[in-house]
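Pasting the structures in now, so scroll down.
Next come two complexes built around chain A: one with chain B, the other with chain C.
The block that comes next holds the complex of A and B.
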């Protein structure tokens, strides 16, 4: 199996203190789209209990998780295959990993997005993408621009031009406290 | 092919219909569904209220839905009561129907394994049974639907129905993979006692059907 990474090299992360793993069939969420929010809220509430300001942390974590889960479902190439959500509270950071099987067209979109992210000026990148009406990626850009999230994607090529994508979002815990 | 047609009446039957519709609509049109919200720009569609099943033994071969209120053509198609009244007057039946009592046949899906055998025509014909449209009551609702012209022609008209084109359906992102400039969408009205053949309107449900019957009748 061929694997590669999009985004900056992986950071050395502290050991997980609290963790949660969920698997849900993508088709369940296609049938009831609100389930994306239900999963996001559940993950967020589970992790937020460890924060001094749980309601603020929960709100941010729910927003971030919902973006990842909705993308994973929308771009899932096999809706019968489960979406895997892994949430890890590592003390200084929270790491979210969401996996799905993606078609080649989605990989091309991700490559373009990470090339834009690497340019650094996220406000300009965001504006350009809105003006160009570039489909997809705006939600992920907002996570990086507004929440200080570090984004990465692990790609593992499977059969028939399909790739297992694991989106990684690392959020500094200071971003999860109300300023 | 011998088939059973019936109304989905149990929670399990409704779920089976929803999963088949969701699987096909998501794969072909990237649509997702919700009971309590819709956003046609985000491709989130509202679920119908009632479902019709075509069964090959235990296998769900085809299904469609029915909006019993807040029809799609009213909410998104811009069809107003005056549009319906105008059509009723043109048909010479003004006053014979309540122009606000609409049902909408929608989300016509044939399982990929059963395509090319005339199931869509058979199902759409059977679904214009009074017992599906009016839920067993005495009321006589009008029927509306929105579809691209090729579907109105190759499915509805081919089933013997006589849909009346009301107005063009506005463009929404949710239909970007469905409609095209060559095959635009419209809203249609069906006046049951004028536009639905008795063999469909009086069909008792559940019922056993044969796809060969459609061919023999030339429908």
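The block that comes next holds the complex of A and C.
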């Protein structure tokens, strides 16, 4: 199996203090889109209890998790295959890992997004993508631009030009309290 | 069952968004926001107000839809005011993003 990574090299992360793993068939969420939000809210409520401002933390964690889950469902190439969500509180960061099977067209979109993220001026990237009405990727861009998240994507090529995508979001816990 | 609501008040040139906005696609937002677009198109010189203070969560398709409203207002030089809560993370962050699209956008953070 061929594997590669988009985004910056993985950072060494502290040991997990709290963690949660969920697997849900993408089809369940295609049938009832609100289930994406239900999964996001559950993960957020579970982790938010670790923080001093749980209500604020829950709002941010739900927003971030929901973007990842919605993307995984929307771009899932096999709706029967589970979406895997792993959430870990690791000291000064929260790590979210969300996996799905994707078609080649989605990988091309991710490559373009990571090239834009590498440019650094994310406000300009946001403006350009909105004005050009670029489809896809806006949610991930917002996580990096507005929430200081570091994004990575692990790609594992499987058969029939399909790729297992694991999106990694490393979110600083300082984003989980109201300044 | 919807967990969001949009109330438009033509006489006050105002739209009020309430609830959780996690619609599944940009097309779904086009339909949901069509009364706001109609209000923008009918607004006079006094402009139009979009109150999102009671919108607790919004996904990125919704933020794109808000951005489209801002770009439409910019094209027609319509004065638009967004009312948002400083204490709601997505609202505070999104207002900065929308202002990056249109420097004359008015934002009232409450």
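Everything below uses one rule, namely that the second predicted complex is superposed on the first by the 179 of 179 C-alpha atoms of A that agree within 3 Å, B and C clash if a C-alpha of one lies under 4 Å from a C-alpha of the other, contacts with A are read in each partner's own complex, and residues count from 1 in each chain.
Keep in mind that, in the parts below, a residue touches a chain if its C-beta (ideal position, glycine included) is under 8 Å from a C-beta of that chain, and two chains touch if they have at least 3 such contacts.
Just so it is clear, the structure is predicted and the values come from calculations on it, not from any experiment.
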Touched partner set for A:62, first chain B, second chain C, both or neither: second
Which of chain B and chain C A:42 touches, first, second, both or neither: neither
Touched partner set for A:33, first chain B, second chain C, both or neither: both
First (chain B), second (chain C), both or neither touched by A:79: first
Residue contacts with chain A in the superposition, chain B compared against chain C: C
Footprint overlap on chain A, where chain B in one structure and chain C in the other make contact: 33-34
Contact set on chain A toward chain B in their complex: 27, 29-34, 73-74, 79
Complex contact set, residues of chain A against chain C: 33-34, 36-37, 56, 59-60, 62-63, 66-67, 70, 123, 126-127, 130-131, 135, 138-139, 142, 145-147, 178
In the complex, chain B residues that touch chain A: 18-19, 22-23, 26-27, 30, 32-37, 44
Residues of chain C touching chain A in the complex: 3, 20, 22-24, 26, 56-57, 59-61, 63-64, 67-68, 71, 87-90, 93-94, 96-97, 100-101
